[in-house]
């Protein structure tokens, strides 16, 4: 069976950021399971500055976790 | 007696994420003990983009804790 | 003299979560000392999804602290 | 000259929590220097559940810092 | 291929802060891909104190991550 | 060339707190570069309890970073 989250380890910081975006979205999906409703809400908040900043905030919290998991990709520096 | 939270250790990151969702929900239950009220509120906020993002934020904070508890599941990488 | 917070150490994760809930409530009491006002406000926000999520967020931040204090109760796993 | 913040070290968790409350208040004072305005605003938000929860959130963030500074007062356990 | 985020390591704290600002903005771009919409929203929230504080909050979370990644630039002190 | 942020190291916790306030303000300046607009917004939010609490929250996040950078000034205790 495939997991949507097999690991927090990513090859690069950029891939880690993309994982953080995914982690932020999954909780929304779990709370609102209907894709049609999510699409409608997404159209709304994509035009709402406060909501976009709030999304960015959630991504930031997850990115902190993913970055720590990866030892901040210090080997890439 | 069974605990709803016997441990923060999970076998996989995905199970850790599910635990984070649970941790976010329990505080709501403790503050609003009436399941009928919670169901009504849930129907409301599941249609509210700002509330869904706020839920995702709480999950992110708990996921950080669960991930740290599990050493970021680095052995799975 | 008895302290309301003698230690952050708890026997189990569940007890740690309950301590986090307590930690979230004490700051409210310190800011609004009148129990009658708090009871009235509580009746309001217990019916308000955004407020319930906000309460859950504060609990999440305190739970992170309590969990770290307890070494994530790894010995319980 | 006396500092309002000579140290983050406190004898007990309870004293650490009180320091966190103080840390949360000082930023407000620095942004709104007029005590009369602060008193008026305080009267308002002490009756506002969302604001009280927001205050509790800021205290939680500072408490995390103070608790870490004190090694979580583990010697008290 | 060039990455927008090749590393979290920066030469100075100031460069780390600039990276944090960038990290905060990218999530907004990923959620609202249309630059014209973003420009319009930006014009709005740049006049909105609450939104500016919210942006600053997201930057703070990313700065914590970048600072940790860089060992707080302690070698610069 | 002088940096506005040459280091996160400060002599005292109080100076660390002042640095946290500065770190919170710079992101606002970077998003709203016009000092006249900022002064107008500042006059507004200095009278708004929710905004003052939000500012205090951002300071708390930066203070956590600065305190960690300074090893919590434990040598001062």
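In this document, chain identifiers A, B, C, D, E and F correspond to the written order of the chains, with residue numbering beginning at 1 in each.
We take it that contacts are C-beta pairs under 8 Å (C-beta built on N, C-alpha and C of every residue); 3 or more make two chains touch, one makes a residue touch a chain.
In this text the structure is predicted, and so the values were computed from the model without any measurement.
Undergrad: Touching both chain B and chain F: give me those chains, sorted by label.
TA: none
Undergrad: What are the chains that chain A and chain D both touch?
TA: Shared contacts of chain A and chain D: no chain.
Undergrad: Compute the rotation angle for the C-alpha superposition of chain A onto chain B, expressed as a multiple of 5 degrees.
TA: So the angle, rounded to a multiple of 5, is 60 degrees.
Undergrad: State the chain with the largest centre-to-centre distance from chain C, centres being mean CA positions.
TA: Between chain C and every other chain, the largest centroid distance is to E.
Undergrad: Rounded to the nearest whole Å, what is the centre-to-centre distance of chain B and chain D, using the mean of the C-alpha atoms as each centre?
TA: Inter-chain centre distance comes to 27 Å.
Undergrad: Quick one: report the Å distance separating chain B from chain C, using the average Cα coordinate of each chain.
TA: Distance between chain centres, rounded to whole Å: 16 Å.
Undergrad: Return the residues of chain D touching two or more other chains; collapse runs of consecutive numbers into ranges.
TA: Expected reply: 45, 48, 50, 54-55, 57, 61, 64, 68.
Undergrad: Which word fits how the chains touch one another: line, ring, star, complete or other?
TA: Shape of the chain contacts: a ring, since each chain touches exactly two and the loop closes.
Undergrad: Let me make sure I follow the ring: beginning at chain E and going to chain F first, which chains come in turn?
TA: E, F, D, C, B, A
Undergrad: Looking at the complex, which residues from chain D come into contact with chain C?
TA: Against chain C, the touching part of chain D is residues 12-14, 17, 21, 45-50, 52-57, 59-61, 63-64, 67-68, 72-74, 76-77.
Undergrad: Under the touch definition given earlier, write down the residues of chain F that touch chain E in their complex.
TA: For this pair, the touching residues of chain F are 3-9, 23-28, 30-32, 37, 41-42, 44-45, 48, 50-51, 54-55, 57-58, 61-62, 64-65, 68-69.
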